[in-house]
Amino acid sequence: MIESVFDILLCALIVGVALAAVLGPRLFSSVVFFIVYGLFLSVAWTHLGAFDVALAEAAIGAGLTGVLLVAAVSRLDRLGVKEPAPAPPVARVTSALAAGGLSGALVLALWSLDPDGTGLAPVVEANLHASGVRNPVTAVLLNFRAYDTLIESVVLLVALVGVWSIADERHWGGEPGLRQHARPDGVLATFGRLLPPLGLLVGVYIVWTGTDDPGGAFQGGTILAAVWLLLAMAGLSDAPAITRRRLRLAVIAGPGVFLAVAAAGAVGGGFLVLPTEYAKPLIQEIEAGLALSIAATLALLVLGPPQRGPR
Amino acid sequence: MSGVDTGTIFALTGAVLIGIGVYGLLVRGHMLRRLIAFNVMSSGIFLMFGATGARGPAAAPDPVPQALIITGLVVALAATALVVALLLRYAQITGRAALSEDMPGEDDPA
Amino acid sequence: MIAMAPVFCIIVPLAAAFASVVRPLPRPLVGLAILVVLGLTGMTVAEVWQQGAHRIPVGGWQAPLGIALVVDGLSGALLATTALVMTAVLLAALPEFADRDRETRKGWAFWPLAFLVWAALNAAFLSGDLFNIYVSLEFLTLATLALVSLEETAEALEAAMRYALFALFGSLAYLLGVVLLYAAHGTLDIALLSQADLQGTNSIVAAALITTGLAAKTALFPFHAWLPPAHAGAPAPASAMLSGLVPKAPFFVLIRFWFDVAPDLPGEAALQFIGTLGAAAIVYGSVLAMRQTQLKRLVAYSTVAQLGYLFLIFPLAGGDGLSQVWSAGAWTGATFHAVSHALAKAAMFLAAGLVVHAAGHDRVSAMNGLTQSMPMTAFAFGLASVTIMGLPPSGGFVAKYLLLTAAFSSGQFIWAAVIVAGGVLAAGYVFRPLSRTFFHGHVQTVAVPRRQQAVPLTLAALALLLGIVSSAPYAFLQTGRPIAAEEGLE
Amino acid sequence: MTPFLPALILGSALVPGIITFFLPEERVRLRNALNLGGALVKLGLVVFLVAEVNRGRIYETSFDLVPGLPMVLRLDALGLLFVTLSTVLWLLTTVYAIGYFGRRRNLSRFFGFFSLCVFSTTGIAFSGTLVTLFFFYELLTLATWPLVVHWGDAASIRAGRRYLVYTMSGSAVLLFAIVWLESTVGPVEFTVPAEMAAMQDWTARGILVLLVAGLGVKAALVGLHRWLPAAMVAPAPVSALLHAVAVVKAGAFGIVRIVYDVYGIELVHELSMTLPLALAASATILFGSLMALGQRQLKPLLAYSTVSQVSYILLGAALFSPYATIGGLVHLVHQGLMKITLFFCAGVFDERAGIHDIDELDGIGARMPWTSVAFTIGALGMIGLPPIAGFVSKWYLGLGGVGAGHEWVVAVLAASSLLNCAYFLPVLTRIWFRAPGPHAAAAKREVPAALVVPPAITAAAALAAGLFAAFAYSPLGWATLIVGREYTP
Amino acid sequence: MLPGPLLPLAVLAVPLGMGLLAVLPRMRAHALLMLPVAPLPALALAVFGARGEADAADILLGMRLGLDDRSALFLAASAFLWMLAGLFATAYMRDTGKREVFTGFWCLTLAGNLGVFLAQDAITFYASFTAVSLPAYILIVHEATRAALRAGRIYMILALIGETSFLAGLILAGVQAESPMIPEVSAAISTAPQGDLILGLLLVGLGIKAGLVPLHVWLPLAHPEAPTPASAVLSGAIVKAGLFGMIQFFPTGTGMEGWSTLLVWAGLIGAYFGIFAGLTQTKVKAVLAYSTVSQMGLMIAAVGVALAANDPPHVFNLVALYAAHHGLAKGALFLSTGVAHRTPRKRLWPLLAVVAVVSLSVAGFPFTGGGATKTALKSAFHGPEATLVAASAAGTGLLLLRFWYLLRFQAADAPGARAGLALSAPLYAAIAAALLLPWVLLGFAGLETAYILKPSNLLSGIWPLVAGAVIGGAAWALRPPRPPVPPGDLVVPVERAVRRAAHRHLRFAFPRPQIRPALRPERLERLLTRWDTAGLLLLAFALGLTPLLLL
């Protein structure tokens, strides 16, 4: 009963923050509310027992997305863009009705569900031993449904290619993002010196532990990306030019390794088949590659296309 | 889905979040706000996904939705990043952060 | 190994894309990659032809735990179409994007994106798992989004963002539907879901959401407005794949869903409603195409109209009609249309691209006097138009004929009238540019080598050939269908 | 070889056409040789076939477009009649076109589509099923449009647009009707009587009306005819081909097929549709003549004359009497010979003397006697004067009309003849009896032979077709054979 | 039997060939020489050839040519007149322009005229009938004067109406007969349900040619305008084609009484109308034309009698005989006008004397050829008709008296003018033949000379002439007012009315509807481009689909 109260309170908070994020009068505060929203959601996931998701939501949903949005807001501010006029009341009412209708339909749909659930948890459990890992989520991600993850890693690459492809033609070959001018003795610079070693450690650990406990390439990679971003923002490390071979190799390393494993399996008789005895090392290998690529890609995504020409 | 357990509550919250996201998507013209709304909506979906997987008597939540949600999160981030990049470039060229049809009085995008 | 050919249809383009990220591939390697994928596609088709439809469990895990790839006639046909169109697109893109002295933005970005689109399409066409389809569609969406914005003009960027709104919302709606289905049935596999009972409210809402999402992504009227600016604003080779192939992926998923996952779903009224929107798309898209002043816009609106035909599959072949004799004919007709339209529309966009390049502008008047300066291109545009109009001899005609037969057999005369009127309307818009090709004196000032002009011509000729040698594709398309239309027209 | 004969004949038109498309503009000789060669080969094959078919042989090849949708190429006597006409006139028109265009540009394009046009016409003649017919019928639309807009000026493009609007709408209606019919009674082959009884009477009537309306666009039935006068802006060889062989004939031929080989005239009669059809044809006959009366320019006059004359064929097809059938079929050929002569001549007048208007013809007879004589023969034949071919058609149509119990047909024919006189004789008067006007005075000589000989030949043929009508291989002889073999109840 | 089709075919082919030959550039100068030669084969066939039928199955719809005694008479008389007129033309036309064209169409007309007499099937008859009708237009308008063109136009219109009507009749009869042969067609007419319609249509076609009142109007217009030799054959030979057609096609016997009466009275009215209208004319050839109308009226009346007679062939033979004489005599009279043109007034008297004799012959004066034929013809009539026929001779006499009177003013003004032998020889040959030939042929008509010379018959030939002379004398003395009947009489008001109607230019054009699109799709498109609209629609679609799916 108490638990339910807590649930309901949490949910109310989430909804409230979400409303604030969506309806907030000022863009910046909306973004901040969105980040908070992500953190609350992370709490919710923990409460639901989905620790992998909680981690991912905190790192990706709240963290990276938040950074992305904050950076965008500041860029837009600097460009001095105009905010479009708010929607007329009629549109608001109609939209609210439509959105409410959708929610209502979903509630109806949820209501009609079989209360006992028919998830795949037992099947995963039954096959976990053959997956090479002990964390069932990682088993699903990197073995049972590794194909999804392969494509997902490619999606990140697609996004990066897309982001780079809208660079200014004059800036092609330059370094991604704006040049950061952090004061060398400022807070950011201090943090920039202090946090990276710690972050690196945490990030690698989370990747490493992902096979058996909550964590994995995505969560870990995100943390590593954050480390790099921090360095970049602190002006301590310039991102390499986007035409740099090594950077590009880093970006494709993860999906490349993944694809190579998949192809090797396909030649051997089964697409993406990881033989039980090699499953764990293979998964770790893939995770390592992925983590590297994800870290690089996510960071580069946040940095955006090059804003200055090659030196 | 009788009996109000945790899963159900969060699933319903997911439904509400979806509604909020959709509403924001519809009434806000600013592309960044739409992106926020999009992310609210997608996280609502994920919440629903995960919560329905966590319903019922079984203690351990279903790992499949969890894995899929992580995938979904990454995909959503990728999409957000790409659209943000588009938006910034667009704003750089036109000085606008909304599509021309959403900026009454300014018909031409160029 | 041959059994794995479909898988390699995804792997090889991906590998080519990765390699192109590192460094744009030299021409011979691009050629090699194309040849390899073409060969693999050919093997896939041969495999389906001989062995029939089959499933490939990924990772050795059977559904519902793992993901299965489904290789049947429809996916094989779409794979083959994709291979042909992509081959043409990549060949057409070579002069514009390849082998520059210095790496340029477009010269670098196009190749990975193109190969990624190829991989994404193949992935979508092969997938047998609803969530995997979601990922594949997102993959496709993001890659095409980048292609749409490639020209970097304000219009292109705006078109890309608009496209993103529709496509991302569509994806979410689809995902929401999938989530609901999983919640109810605990599986994402198409085959397993088809055995489940989909009559509950939950499944109904899911079906509605899935249909909505995919309709937005397929640019069904009235959710089509993003398409023309997006397709018209991209570079011509990109437009060719965007217009010819990309909308076929969500449509393919719609067919998978309605005919493989949920054939027993009730809702005759819903099917009629979707059909009505398709019919409206035919008329509305054609009318707007007629009124365009820009060549590529015109071709893009034609896509809106042509996609409308695909949606007639629902009232003609779906629902209660599924068990009827004409259903298989209608189903094959619509899928046939998807294939022939892909070829023709890609040819049309490639031809338009050459014209725009040669004339230096994008107005319809760029076509003036084309038969004198670039007869092959004019001819290609003309041949493609034949398919678009659905006139014999072309694949479009066969498709239209099959749909018409189904419409009459099922007594739905109104669809027959729309189909027939659509042809006339199509003539209305394609002959506007075509007329200009006969003008005296030409405006194309930039010379285009014949080799380049041959690409769209070949593609258009293929679309035409589909209408002459249509028996084999017809039979092939039905591989794996529960009720084959042996006597398709009886 | 024999099963491939239809394909071979089709190929003799298609292959040169396709090659021509890819020929550079300068390869004049090769182009001419190709086109003439194709035409001659085809003529040879057709002559061989005429003898064979006369012996009662029928050639057939077929393949399935998709299962249940067979494409059948079939050579029967009726098809051969049409093929022979088109083959002979193709050869002559090719010669004429070579003379007409001389060294002008865009000729590879022109001859390519020209061959394609003949290919489609031949295909229509060979079609053994309704769908095959539609297949080639549409191909014809597409192949003729480039010819109509060939000059590429605003007027041509406008005419082309109108042509398309009409023909495309017609095709749409036709397709609608064909599929409706086939989904009701199954695939329709011309040889096998379909299960027409499976249809309700009103369905059968409705489909018939749609079929005829669809085909009637090309056949320029009144109300659907407006593209035809507009298409006059096309080069003379095109007009000649359009009016004599290809487009309007394809429509008329199609209607004949519908009435005789799809429905069967008995059924059409039982459905009491013969009378409405005959009335529509008659209305067109009179309307076309009346419109021709008001024309000031030569080619539109000829065009409206075509509107009128082609409906003779329909009239013949619609009347329930073997005589009428003979008359209609034979007019298919006769009208072709006469009208192509007239258009050839109009082209010569235009090309050599710059004449477009009728009053510019004053006194041209003295300056261009050969052309003028040919024109006169054509015109008198249209009027129906014996012994020129037109008379024979009219005679049989009249007999058929009375035979079918519709005596008023004779009145229609009589009125049409008088109207024909009313618009053709003033033209002839100007040609022969007026003092030479400025155009006649400035007229160039009647060269080259390629321009002047074809009309002379067709005029002679029109004369001979009437004068020796009773000859076994004359058009009349062949039409009688067709009716005797295939349509005698 | 005729020995194969070649000879009769040659009768037609020779003139046609010569006509074509004439237009060849090299032959143009001597084109006129063809004229007298062209009809010779026909003459030879008629006089010396066998009687019978011959088939040329490949030509037209199966051509059959044939000759019996009656048609041979028609053929011979016509061919002879054509020959004489042709000879006349060689001299008369020498100095005119476009001689080759004249020759060509002369030959074509000739072939048609001969073909009419030879044709045994309806198609050949019709083709020949057309060939004799339409090319004659060229002969009429040869001088290309306004009047000639007007005459030609009216002729053409009537001829075409006649052709069309005749063809319509033939078609109606042809279906009934199921054979194109004339005897079968003729027989079929009497049994056909539309027999009266057929006969009416045929009568219009043939009557126009034969100058049957009121279809005669072209004659008085065309004859004065055509060159003299052409007038001669028009009046002497061509009009006979119509008459011959009636003989060939009209069935006889029971059931034809009505038509018989109609033809008799129409013919008689025509005979008298021609006289009265002709008397008012001032143009010499117009007078002759009305005389032809009158004379043809008599012949048509006789045909009418034959239709219901006991022995139709006999009556037809009488008509043939009468026609032969009339053709030659009328031809001679026309030629005489041409000769008069070239003869100075002073030397006109011999010509006038001869013409007077021929005129008397036409009027049926006893002992002349005309007297014989008229007596023979009168034998066919009975009752009041007979009297009327006899009395018509008075009118004919008067009419020709007027002609004779007018002829005097035709003389050439130049005193040195001279009509050469080529002009006068044909004239005199025609006169001789007209005066003598009937006597030779009486036996053919089944009559004996004695019957002709019976006093009562002689008397009945003389009294009308005496009466005519009296009336003529009285008229000369009293000089009554001459009603102004224009040549062509009835056609003049019709023509005026048509011209007035034509002024109100009739145009056949449909109004073009101007359709303006009421709804601009671009506006809708702009609305749909807005994400808020489209998104709402998407939601509506999803929410709408859900209940629809449940239906």
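Residue numbering begins at 1 within each chain, and the chains themselves are lettered A, B, C, D and E in the order written.
Note that in this section contacts are C-beta pairs under 8 Å (C-beta built on N, C-alpha and C of every residue); 3 or more make two chains touch, one makes a residue touch a chain.
Since the structure is predicted, the reported quantities are computational estimates derived from the model, not experimental observations.
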Minimum number of chain-to-chain contact steps, chain A to chain B: 1
Touching chain A and also chain C, the following chains: B, E
Common touching chains of chain E and chain C: A, B, D
Contact-richer chain pair [A-E vs D-E]: D-E
Central subunit by CA centre of mass proxy: D
Most widely separated chain from chain A, with each centre as the mean of CA atoms: E
Separation of mean Cα positions, chain D and chain C [Å, integer]: 42
Cα-centroid distance, chain A relative to chain D, in whole angstrom: 72
Chain centre separation in whole Å, for chain D relative to chain B (CA means): 66
Whole-Å gap between the CA centroids of chain B and chain C: 27
Shared interface positions of chain B, touching two or more other chains: 18, 22, 25-27, 29, 34, 48, 52-53, 64-65, 68, 71, 75, 78-79, 82, 86-87, 89, 99, 102
Overlap residues in chain E, where contacts from two or more other chains coincide: 529, 531-532, 535-536, 539, 542-543, 546
Multi-chain contact sites of chain C, meaning residues that touch two or more partners: 131, 135, 138, 142, 145-146, 149, 152, 157, 162, 165, 169, 176, 183, 205, 208
Inter-chain touch pairs (all): A-B, A-C, A-E, B-C, B-E, C-D, C-E, D-E
Residue ranges of chain E in contact with chain C within the complex: 521-522, 524-525, 528-529, 531, 534-535, 537-539, 541-546, 548-551
Residues of chain B defined as touching chain A within the complex: 1-24, 26-30, 32-33, 35-37, 39-40, 43-44, 46-48, 50-71, 73-82, 84-89, 91-92, 95-98, 102-104
Complex contact set, residues of chain A against chain E: 87, 91, 94-95, 98-99, 101-102, 105
Chain D contact footprint on chain C (complex, rising order): 326, 332, 369, 371-372, 375, 379, 382, 386, 389, 391-393, 397-398, 400-402, 404-405, 407-409, 416-417, 420-421, 423-424, 427-428, 431, 435-436, 438-440, 467-468, 470-471, 474-475, 485-490
Sites on chain D touched by chain C in the complex: 21, 63-69, 105-106, 108-109, 131, 134-136, 138-139, 141-142, 145-146, 149-153, 156-157, 160-161, 164-165, 168-169, 171-173, 175-176, 179-180, 182-184, 186-187
